[in-house]
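Please find the structures below.
Shared between the two complexes below is chain A, which pairs with chain B and chain C, respectively.
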Partner chain A sequence: MQTDLMKEVTELLSGLGNSLLISAIGILLGIGIGIVLGAIRHARIPVANIAIVGFVNAFRCTPLLVQIFLLFYALPDIGIRLTPFETSWLALALWGGAYQTEVFRAAFEAVPKGEVTAARALGLPAFQTFLDVTLPIALRIAITGATTTAITQFRSSSFMIVVGYQELTYVANRIVSDTFKVFETFGIACLMYLLICSILSAASRAFERRLLIPGLGVVK
Partner chain B sequence: MSTGPAAPFLDLRDIRVSYGSNEVLKGVNLSVRQGEVVVIIGPSGSGKSSLLRTVNMLQPVTRGEIVLEGEDLLSGKQDVNKVRQRVGMVFQHYNLFPHLTVLKNLTLVPRRVLREPTAESEARARELLAKVGLADKVASYPDQLSGGQQQRVAIARALMMRPHVMLFDEVTSALDPQLVREVLNVMKDLARSGMTMLVVTHEMSFAREVGDTLVFMADGVVVEKGHPADVLDRPSHDRTRQFLSHTDA
Partner chain C sequence: MNDWIWPVAAYLGQGLLVTLWISLLTVLLATVLGLLIAALSRSTLSLARLIGRLYVEVFRGVPSLMILLFVFFALPQIGLRTGPLTAAIIGLGLWGGANIGEVFRGALNSIPYRQEQGARALGLSATEALVFVILPQAFRRALPPYVGQLTVLVQASALTSVVGVSDLLGSARQMIERLAYVGAGGSHAIEIYLGVLSIFFVISYSLTALASLIERRLRV
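Now for the complex of A and B:
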């Protein structure tokens, strides 16, 4: 009995490891996509702007599950064959990237214009002003929103069961079909999700406190 | 084109600026000598700030010529960032970088643009902060300082670029009355050091005491200009008289 439980927990932990792997890739890429596309939106670059609005709408206004099906089952029709692993991190990155684009666009817009003007008035070129003034202030503003998206990406990694990627939910489901121990297996899986999400949000709060601008009330 | 002894240091010729169909500067002419302190007064919406902002190319000009040290700024051949290094500007709301310490506020642009070594720009920054009376605030963040202190940091930050001319856009308007003096004192010292200055302000005592020339603007034109005492005590236009009657000049 004792060894059975240990064996199940070990299996679940390996599933959790896979969930963390695709989530980490998806979250980092999502933030990267969000910063770059959000910055282009903020700069109002004509044609790119419209393309980005299209991308954001496409991924925010369709179900993640359908996006996963399209990536895994439809792309082979046009010659692109993705493994379950590739489908998993890519789906999370694209879906998260769409949300992060809006998070970072809003953060860039919230940076006070006066500070940007002051930098330009000193002779700092536009792109350098973006790197030294706009970006550092915007990142602080974006932390809370970006964390919410990241946590949702991690939770959504459970959708990858549908392409047969061996993440936590997939493993839990397999154990249940072998052992019929529904309550304890999904119970442990739930606790694992809960634990990771709690760590993520605690890390975000710690990060916010570390980057807090002394005396400034913008970041709480 | 070379700057002869007779040529003005800064020459604004027939400057026109429009926002859409609204013309805010309707042909302004202004010559400034090297080391001259020009104080610009006038009611809100008279175009004072827009005029200042044309000099460092923050404000696009519809028509006219701006010649700084013999160079035509609007020829399209000037590197706007190079021009701005020569033209320092201080704003009403200080606009310090909130995420950087006072020291880094001063050293950021010199290090990036002038490629100055960190040690050198930090030494210059400490020197300038001592001059504006804030030697002990190097490690503070802007929002830990009073408005007057922030504005003095902003002046020091502009001076870090070794500007040839300084623009002051209502720099004391957002300050509590007791903090105005500390900022004006820094500006007086700067004027005495021979800095060429264009100062938009409502501080008539500063205009009288420090200004070499007083310019009164209204409705996008220069109505009157001359020696500050003459303009303030014996205005020759009704519009000027009317404006001054509402001030403590």
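Now for the complex of A and C:
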């Protein structure tokens, strides 16, 4: 009995490892997409702007689950075959990227105008002003919002059960189907999700405090 | 030549009705739970506040799909034989209740304390102050994010297909399998999934537009 539970916890932990792996890739790519597309939106580049608004709306206004189905079950019809692993991180990255674009666009808009004007008055070229003044401040402003999206991406990694990727929810579901130990298995899996979410939000708060610029009212 | 389209569209139409029905019931359940949680957070009993807090933390830290599967497998174990549809609605409702509870709580807490003080100083009782001063203002604050949560719940309804409900996504999957089986010129997975995405997009985008319209109209 005791060893049974240990065996299940070990399996769940390996599922958690896979969840963390696809989430990490998805979150990092999502932040990358968000910074680049958010900056382009902030710079108001004519055609790119409309394309990005389209991308953001398309991914935010449709369920992630349907996007996953399209990527995994429909793309093979036009010759693009993705493995469950590739589908998992790609779906999380695209979906998270759409949300992060809005987070970083808002952060860029929230940078105090005076800072930018001062840098330009001191003779910094526009692009250098962006790199050395706007970006460092905007990234700090974006920490809270970007963490919220990242945590949602981590929780949504459970959707990858539908492509058969062996993440935490998939493993928990398989154990329950085999053993009918619903409460123990799902209970432990839920605790694992809760633990990771708390660690992520605590880390983000610590990060925000560490990076605080004295005198700049970035952190409430 | 495209004689597969009409039967599929009719079947998806039935799926859409199921999706809308699930969304409606989930929203009702989540709203009632949300009001209860907001009320708990305003309670004078610290135990009641703790229970409300704990509920929100647990249900927002665990993936919606995990909660859905948990309810789906746990209900039969405690002797409640329900179909997947009921289990899915309960699961999504429990999850949505935590999110909507946060919206209501946030709106209530955003009303400055001096509003209550002012009302009491003018001779209103505590209940009168709540009903005539706090709630009308909190309602305006809560409405836009509440409509935003409706979008989240409509999108989450797609998860019910994982436990075998024939909602919009579920019926799309069934149709794709049928078409591949009868060999009507391929599986048509791309067209069907894009169709499903478009329907969700129209619903979500209208709700999002409605939320920002309400936000502009209700500004105090």
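FYI, the second predicted complex is superposed on the first by the 217 of 220 C-alpha atoms of A that agree within 3 Å, B and C clash if a C-alpha of one lies under 4 Å from a C-alpha of the other, contacts with A are read in each partner's own complex, and residues count from 1 in each chain.
One rule holds for everything that comes next: a contact is a pair of C-beta atoms (placed from the backbone, for glycine too) under 8 Å apart; a residue touches a chain by one contact, two chains touch by 3 or more.
Bear in mind the structure is a predicted one, so any value in this text is a computation, not a measurement.
K.L.:
May I ask you to decide whether A:T10 touches chain B, chain C, both, or neither, giving the answer as first, second, both or neither?
P.N.:
neither
K.L.:
Once the structures are superposed on A, label A:L122 by its partner contacts, choosing first (chain B), second (chain C), both or neither.
P.N.:
After superposition on chain A, A:L122 lies in contact with chain B alone.
K.L.:
Now for A:V182: first (chain B), second (chain C), both, or neither, which partner does it touch?
P.N.:
In the superposition, A:V182 contacts chain C only.
K.L.:
With both structures fitted on chain A, tell me whether chain B or chain C touches more of chain A's residues.
P.N.:
So, of the two partners, C touches more residues of chain A.
K.L.:
Taking the superposition as given, does A:A74 touch the first partner, chain B, the second, chain C, both, or neither?
P.N.:
second
K.L.:
So, A:F159: does it touch chain B (first), chain C (second), both, or neither?
P.N.:
In the superposed model, A:F159 contacts chain C only, not chain B.
K.L.:
Between chain B and chain C, whom does A:S198 touch in the aligned arrangement: first, second, both, or neither?
P.N.:
second
K.L.:
Provide the residue numbers of chain A that touch chain B in the complex, in ascending order.
P.N.:
So the residues of chain A in touch with chain B come to 112, 114-115, 117-125, 128, 132-133, 136-137, 140, 213-218.
K.L.:
In the complex of these two chains, what residues of chain B are touching chain A?
P.N.:
So the residues of chain B touching chain A come out as 56, 58, 81-85, 88-89, 91, 93, 95-99, 108-109, 112-113, 140-145, 154, 157-158, 161.
K.L.:
For the complex, which residues does chain C have touching chain A?
P.N.:
Residues 57-58, 61-66, 69-70, 73-74, 77, 151, 155-156, 158-159, 161-162, 169, 172-173, 176, 186-187, 189-190, 192-194, 196-197, 200-201, 204-205, 208 of chain C touch chain A in their complex.
K.L.:
For the complex, give me every residue of chain A touching chain C.
P.N.:
Residues 57-58, 60-67, 69-70, 73-75, 77-78, 155-159, 161-162, 169, 172-173, 176, 180, 182-183, 186, 189-190, 193-194, 197-198.
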